[in-house]
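Please find the structures below.
Paired with chain B in one complex and with chain C in the other, chain A is shared by the two complexes that follow.
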Partner chain A sequence: MKYKSQKVAYMFFALSMVLLLLQIVYGFIMAFAHAGYDGLHEIIAFNTATATHKNLLVVWLLSGFMGAAYYIIPEEAQRELVSVKLALIQFWSLAIVGVVAVAGFHVGWWEGRKFLEIPRALDYLVVVNVLLFLGIILVTLFKGKEKTTTAMVLAMGLFFAALLYLPGMIWFDNQSMDSFFRWWVVHLWVEGVWELIMGGILAFLLIKLTGVDRELIEKWLYVIVGLTFLSGILGTGHHYYYIGAPKYWLMIGGIFSALEPLAFLGMALFAFAMYRKGEKNHPNKIALYWTLGTAIMSFAGAGLLGIAHTIPQVNMWTHGTLITAMHGHLAFWGAYAMIVFSIISYSMPLMTGRKLYDKPGAHYAFWLSNIGMIGMTTAFAAAGVAQVYLERKVGLDFMVSQNALHVHFWVLIGAATLFTIGILYYVVNFFKHGMPTDEALIDNK
Partner chain B sequence: MLSKNQARLFFLGGTVVFFLIFLALSVNTVSSGIPKKTHSENITEAVVGGKVLFDENNCMGCHTIFGEGAYYAPELTKVIDRRGEAFVKGVLSSKQSWALHGRKMVAYDFSEKEVNDLVAFFKWVNEVDLNGFPPEPDLKK
Partner chain C sequence: MEQAKSFLYPPGGILIWIIVLMEVLTFGIALIVFRVNFHQDYDTFLNSQNMLSKNIGLFNTVVLITSGYFMATVIVKIKQSRIKGAIKWMFFTIGTGLLFLFVKGWEYSIKIAEGHSFGYDDFFDFYWMLTSFHFIHVLVGVVILSVLLFKLRKGDYGASNFLDIETGGVFWHMCDLIWILLFPVLYLLH
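Entry: the complex of A and B
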């Protein structure tokens, strides 16, 4: 750690850890309900559990991205954050809005729009919060000594992520219009601007962990984010096939979304090429595991499992089935959960001065969570294929086919247990680092 | 070899070009495509009332509509075709959790007006041109 204000990242990372644990609890509630045990139905109905699971995911990832920005931007811009006090205010307001939103879901204070369930009144608070965050980050960057490509790409991703929240706040009487603009948020986030955030963090980590020349890394960063937008913007069309939008989206969405895996392939090749080229003497091996891991797993979850159902002729059958849940889990895990874990694993020893990266627990965390998540993905895949076959191909009643899928949800619960043990190792290791301290500052010159 | 400046140009140029194409297509979709496909002139007050209820109760948190939502309960796009109006009304006004096959729905106990609004909404949804979704089961005997 080079600047005292970087320490503020810790708060955001800690919030991420807590919300992730809570997200997992709701995952189990839904998995049991799918397996036939919906004992909590009267208190936490499935729609409450799902809104909570999805929004906690989004909030802990955003909190992780914010922490990453507070850590990375000072180091790249070579100056302290303009105000730690404001950053702390921003942190507490984020935490409060998050808690109120989740509590609200339990009493029916929500909007019934997948991933965007936070009610309008709270949306305005989210906007104020994010504006404060962006203000701190952008002013720091522009007052800084350097405006590196890495910092600019990261900041651009955060800026456009905030901007794209707005189309999700408009009310439409027409369900198709509602859906059309919901994807401006959901798709253009995960297959657009969040990839800039991921790319920026990845570039930062590769520069630090491999010691390869910054110019080379940043050149390829441009190529990757170029591929992202080249394919991902028109790729939005893969959500417009069957929602009441014109037919030309089948062609456009099909072609461009089929190109989207290129950006993720680019990230994987890039990370491994830099690793090979670089020195292999950075002591924090576990941060390197997560960094290379995110590059591979994002390609598997978003790239391969994305292309598996993105062609209109396939999507016609799989649209809105458990196949989508299969892809959603590995994609979110590989790309965004793992990049947050990477920056946390890298920065915690530097912020706290405690080098816990060699502890066996750190390795158990990596392997158990990844193996567990691959198992969960496989369980969803089996359930999804069976659902498509029984319900869509053979034409069985929805619930008749669902009742044939219980076994896959028991497999899901088993794999999710492994996954959760891995996550517990990670979280325990995180808190064992203790609080960040100024004693961990290293010489700036 | 590609230089960093060329790479930056590729990023900025590509982004601007594809964003503009996307914007143009979106304008077309929103201004004429969706209104035509969805028969937007048929969106009556009752349909909007149904949509508001669908939203306020987060029905999408269990069901899918146009294939979007959660995967716990049946796809509702063609529910009127599949089940008929009377059945749907029965589910919506039920005082007990509807659970035909073991899995429970929330007991909403909607008023008569609310039920009618939701049915109007489903009838409108039923007529939207979805480019062939949901597909006909092709292995049905």
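Entry: the complex of A and C
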């Protein structure tokens, strides 16, 4: 750690860890409900659980991105954050809004719009919170000594992520129109600007961990950014199938989303090329594992499993089934959860001065969580294919076909248990680092 | 110099070639999808295809290929340090590019007047989407070449410094290339 204010990142990472654990609890509630044991139905109905599960994911990832920005931006800009006090205010307000939103879901305070359930009043608070965050980050960056490509890509990603929250706040009386713009938020985040954030963090980590020239890494970062936008923006079309949007979206969505895996493939090839080129033998191997793991798993989850059901002729059958859950789980894990884990694994030893990366727990965490998640994805895939067949081909009623799928959810619960053990290892390892300390500062000169 | 010949350093820089690859891939997939649809609904597509003016399409093809030749001449001139010649041929390149856009715009207006606008049938959905995406590319190309022309006149480029012009040239040839794919597949092939 080079700057005192980088310590703020710890708070955001810690919040991420806590919310992630909570997210997993809700995942289990739903998995058991799917397997026929919905004992909590009166208190936490399935729709509450699914909204909570997904919103917690978004909030913990955002918290992780914010932590990453607070860690990376000072180091890249070569100056302290403009205000640690404001950053802490931003942290606590984020945490409070998050908790209120989740609690609200349990008493019916929400908008019933998939993924964007947070009620309108809290939306405005989110906007204020994010503006404060952006203010701190951008002012720090522009007052800094350097404006590196890595920092600019990261900042641009965060800025556009904030901007793209707004289409989700426009009011429509028409369901199709509402869905149309709702996807601007959801899709253009995860398949657009979040990839910039991911690319920025990835570039930062590769520079630090492999020792390859910044110039080279940043040049290819441009390529990835270009590929992302070329494919991702019009790729939004793959959400416009069968929701009342005009027919030409079938073609636009099909073609452009077929190109999306190329952006992820590019990112994976890039990461490995840099790793092989690197001569630096960084001691923090586990951070490198997570970084390269991100590149592979995002290509597998977001790229390959995405294209598996993105062609309209396939999507016609799989739309809104467990096939989507298959893709969603590995994509979010591979692309975004793992990049947050990467930056945490890299920065925690530097912030606290405790080098826990050689501990066996750190390795168990990596392998168990990844194997567990692949298992979960496979269980979702099997369940999804069976669901498509029973419900859409044979024509069984929704609940009748769901009852036939119980066995797959026991497989899911088994794999999820493995995954959770891995995550617990990670979280325990995280908190064992203790609080960040000024003693971990290294000399800037 | 050895570096300049390497695979990773093609004329215009590798980034523009990645763009070219992606563009050709995108239009290529779209054209394949178009052909598949054509055969699934042959009569409708053939009927609508016959409503297109092959002469206008052919004229525009010649215009764009000629423009590509002018662009290549710009590169030759600049490599010989003949800046005035390069400027002259750049004017012709942009001029023929604008001619293409004008003729295409005229063709669009005829189609709209006939009622064959976007949404008329599946054939015209493809026609409008593919040609308008291409139209936008040519428009962007004209803007790029205009900026290059402006800088050329300022004296920013010479025989030892012409990477930007090459990059712009690659983009312009890409516009030709895509049109050469679009024209036969959309207008002629059935």
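Operating definition for what follows: the second predicted complex is superposed on the first by the 444 of 445 C-alpha atoms of A that agree within 3 Å, B and C clash if a C-alpha of one lies under 4 Å from a C-alpha of the other, contacts with A are read in each partner's own complex, and residues count from 1 in each chain.
The criterion applied here is as follows: contacts are C-beta pairs under 8 Å (C-beta built on N, C-alpha and C of every residue); 3 or more make two chains touch, one makes a residue touch a chain.
This one's a predicted model, so the numbers in the text were calculated from it and none came from an experiment.
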Comparing the two partners chain B and chain C, which touches a greater set of residues in chain A: B
After lining up the shared chain so the two structures overlap, which partner does A:222 touch, if you call chain B first and chain C second: first, second, both or neither? both
Could you tell me if A:254 is touching chain B, chain C, both of them or neither one (first, second, both, neither)? second
Contacts for A:262 in the overlay, against chain B (first) and chain C (second): which applies, first, second, both or neither? second
Using the touch definition from the top, say if A:243 reaches chain B (first), chain C (second), both or neither. first
Contacts for A:322 in the overlay, against chain B (first) and chain C (second): which applies, first, second, both or neither? first
Let me test your reading of the model: by the given contact rule, A:230 touches which partner, first (chain B), second (chain C), both or neither? both
With the two complexes superposed on chain A, say which partner A:34 touches: chain B (first), chain C (second), both, or neither. first
So, does A:360 touch the first partner chain B, the second partner chain C, both, or neither? neither
Quick one: is A:399 in contact with chain B, with chain C, with both, or with neither? Answer first, second, both or neither. first
Intersection of chain A interface sets (partners chain B, chain C): 222-223, 226, 230, 246-248, 252
Per the contact definition, I'd like the list of chain C residues that touch chain A in the complex. 15, 18-19, 22, 25-26, 29-30, 33, 118-119, 125-126, 129
Listed in rising order, chain A residues that touch chain B in their complex are 30, 33-34, 36, 38, 41, 45-48, 50-51, 108, 110-114, 117, 149, 173-177, 179-180, 182, 215, 218-220, 222-223, 225-226, 229-230, 233-234, 236, 240-250, 252, 316-317, 319-322, 324-325, 387, 392-395, 397-400, 402-403
Contact set on chain A toward chain C in their complex: 222-223, 226-227, 230-231, 246-248, 251-252, 254-256, 258-259, 262
Which residues of chain B touch chain A in the complex? 2-4, 7-8, 10-11, 14-15, 18-19, 21-22, 25-26, 28-30, 33-35, 37-38, 40, 43, 47-48, 51, 54-62, 64-75, 97, 100-104, 106, 125, 128-135, 137-140
